[in-house]
Amino acid sequence: MQVVVWSEHLHEQRSAEVRAIYPDGMHAAIAQLLRARLPVAEIGCATLAEPEHGLTEDVLAATDVLLWWGHLAHDKVEDRVVARVQQRVLDGMGLIVLHSAHLSKIFTSLMGTRCNLRWREADDRELVWTVAPAHPIARGVPQPIVLPRHEMYGEFFDIPVPDELVFISSFSGGEVFRSGCCFVRGKGRVFYFSPGHETYPIYHRDDIGQVLANAVEWVHQSAPSRIETRRSPNAPTGWFESATPASRSTS
Amino acid sequence: MQVVVWSEHLHEQRSAEVRAIYPDGMHAAIAQLLRARLPVAEIGCATLAEPEHGLTEDVLAATDVLLWWGHLAHDKVEDRVVARVQQRVLDGMGLIVLHSAHLSKIFTSLMGTRCNLRWREADDRELVWTVAPAHPIARGVPQPIVLPRHEMYGEFFDIPVPDELVFISSFSGGEVFRSGCCFVRGKGRVFYFSPGHETYPIYHRDDIGQVLANAVEWVHQSAPSRIETRRSPNAPTGWFESATPASRSTS
Amino acid sequence: MQVVVWSEHLHEQRSAEVRAIYPDGMHAAIAQLLRARLPVAEIGCATLAEPEHGLTEDVLAATDVLLWWGHLAHDKVEDRVVARVQQRVLDGMGLIVLHSAHLSKIFTSLMGTRCNLRWREADDRELVWTVAPAHPIARGVPQPIVLPRHEMYGEFFDIPVPDELVFISSFSGGEVFRSGCCFVRGKGRVFYFSPGHETYPIYHRDDIGQVLANAVEWVHQSAPSRIETRRSPNAPTGWFESATPASRSTS
Amino acid sequence: MQVVVWSEHLHEQRSAEVRAIYPDGMHAAIAQLLRARLPVAEIGCATLAEPEHGLTEDVLAATDVLLWWGHLAHDKVEDRVVARVQQRVLDGMGLIVLHSAHLSKIFTSLMGTRCNLRWREADDRELVWTVAPAHPIARGVPQPIVLPRHEMYGEFFDIPVPDELVFISSFSGGEVFRSGCCFVRGKGRVFYFSPGHETYPIYHRDDIGQVLANAVEWVHQSAPSRIETRRSPNAPTGWFESATPASRSTS
């Protein structure tokens, strides 16, 4: 399994506070969480500053799961790269969208909505509650996850109704948030997970690592469906009768 | 209630066969179906050839429900008009997407997927089965609707899982299709309904008129929610405590 | 529209504290909330102590919407009455299940799960947040509803995934709860709404009245579908071809 | 993984036609399909005639996945055994319900609805179409599965809306059917799959074996969630703060 952790890598360069928490970048911390839990996966990183943001056609073609963290520079991500990522998701690549990437181009393009939410930076305590105990992403996760201090993200979160809702968070200020949301788009699977503000050491936590590793496994498909979705095929009457079983599954 | 039926109005000008079925345009036939069943609604039309395709800011601001039929010229619809329609849907305008408009820019933008499907023009008999009898859009609809001849649309239909699935069609060639699909996007409601190929008199049928009138009523909201979705508001701790009940509902 | 508010009517007789809040019974307060908002509806009441709990075949046959509040005596409700109510729901009667009736026989029978939850009586402040602004049950409802003191109900709430999730509550102790849940069962619609503990004046509130009136309108169907669901019909090949349009819709 | 295939085993004893297809019983054929594809699973059988129908407390406690085929004798299955199976599903055991078991007590108890459908024994050709290509149960399945002759099962199928809809079938007589449906109930996963009438050699087919093996893997949970669902716990304020991470996940 090939995993790529993508991050803007801007806060870490601009803020000593963030750099103190994530000296090698947030992507490095996330990759470390995954490496410790998914020994058979190969886990790389890519950032905004690289040519094509590190997401060339070749890189994406070889990627099974992409994680995405962005905040300051959503509009600096090139449209052609966003379109490329979207096509890969629709073809079966898994995508995990983290925290402030709710406003990233790739997420809003896949959702079709504005993806706005309510927010506050005030050291709220966040509790992340499992509401789907039979879901693979909730496996082994404490009920609740206790984040002593975090940015508040609150409803209404302007997303389509998730195909599966795994986590709901509360904040000490009283807000609630659908913090763990599964979506299927085309042949790909998408998971949005809200914890991960840059000024808190969220991506050094064991419970968050458990969620992310579970999510990588859930969005990953070793052999995405061969059903045709790139075009609208003209199908003569009885086409499936003459097809061999093997070729039937290819379109 | 202000309803606008939008149509390309190209097939009717280019093909005598289509013109014979829809001499005043498909939009006129659809509008007629609705007028007969929704006496209190005001029902107008707009077409591709008009300036801004007839969908200016003022027209859209006054529109409660928009129906959309397109096929040949999806790429001729201006991006800024598509963006405008999408924003209106997210703000609460109802949208009904018809037949070949599954590939329209407005539908694919709201879905985030390719929206491809399998198709065949071979005079298949289509049967439209209700699978959600308690849904308002199925009210008074025959089980099944029998369309003696229609274009085949078959699975896999590359859409997000519908929020509510109302109709599934079969075709005499053996295909199935999710032919009546409800989606909520932002504060707006969207209904996709597949019957309506231009070479068949689908929009002269009583049962189809019943579905369309039901759908207009379902997607219509007399007073869309005032919850804030155009931006991500910064909400200080306790903001809702000091708000009056009236102002609470505005954001 | 015929509405029946059913209640145990036990707390009010046993506790002076509850009687002070609901001197005529909780059902009377709920009925009053509805009468003020649904002038065309006829709103009656029924209680546990009546013969057949006030829910005879005749009463149920004439009822469009039933509201159900119970707590102490779920096991005192006769199984044959529960079965009767369940059949009426499956045939199209609307049902609104309130607060502690999450453990009522009628709710657990329709859900198929245990419907357990976490709880605490400690004067928590509850905030009821709308997460489905386009849903009719959220129309005109403040964002959030602020209940200064209420019993805590927390996740995990052991219900099937709601067909539509309208409200999520937070509590000052940090718990979250899916407090407004829509279900479709057979040809009927069901809404569960958690606010309404007997020791707080919840059913005297304007915002709660708004939710309940919206819910009555949403679960109500003036003419439930005539699609056959009481038996599994044997359907000869081509049965729908010879049927008249009118008879087609009856089965 | 411990799998039990349960079957009535009545048709095979009463009908030479069925016995010719399934000389060792339908359960044996199903078990054989699974053994060939799930080498690490231990796969046993149980039938109606055994004491407690072969589903004692001990057997169920050791079972990870139960498959259920029944038709003639749903009412002969003891209520206490049905209740026991239901509790095990709610505690995390996987359940696969086959064909005519749509009317079994265990399925209707978990659904809360009547589960009726339309049917015909007339050698219809059935096509099973995948409508969820990213779902694990559709992995490697031909598009469509072609069953040359089968009993027709048609809509309206009176079930709750499936949590995930994987397959839709068409029949040569024109009907459609939601033939592959996922449900989550409590901590357990349930899959209904309609192919499998006793007079056709459905359970000797490679493609059906693929679906069943996929389904066993999907409903199976190696370690079901430890979240408390057997009772409604009273939770003092701040209970989760003093809990250790390990104990937090147990309730």
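Brief remarks follow.
The chains carry the letters A, B, C and D, assigned in the order they are written, with residues numbered from 1 in each.
As a working rule, a contact is a pair of C-beta atoms (placed from the backbone, for glycine too) under 8 Å apart; a residue touches a chain by one contact, two chains touch by 3 or more.
It should be emphasised that the depicted structure is a prediction, and the values quoted were computed from it without experimental measurement.
Centroid distances built from C-alpha atoms place D farthest away from chain B. A count of contacting C-beta pairs for B-D and for A-B identifies A-B as the more extensively joined pair. Averaged C-alpha coordinates give centres for chain A and chain B that are 30 Å from one another.
One simple way to say how far apart two chains are is to compare their mean CA positions; for chain B and chain D this gives 37 Å.
Contacts with at least two other chains are made by residues 127, 130, 132-133, 143-144, 154, 156, 161, 163-164, 174-175, 184, 186, 227, 229, 240 of chain C. The part of chain D that touches chain C in the complex is made up of residues 86, 90, 103, 109-114, 116-120, 122, 124, 152, 154, 156, 158, 160-161, 163, 173-175, 183-186, 227-238, 240.
Against chain D, the residues of chain B that register as touching in their complex are 125, 127, 129-133, 143-144, 154-157, 161, 164-165, 168-172, 174-176, 178.
By the touch rule above, chain B contacts chain C in their complex via residues 92, 127, 130, 132-134, 138-144, 146, 163-164, 184, 186-189, 206-207, 221, 223-225, 227, 229, 240-241, 245, 248-249, 251.
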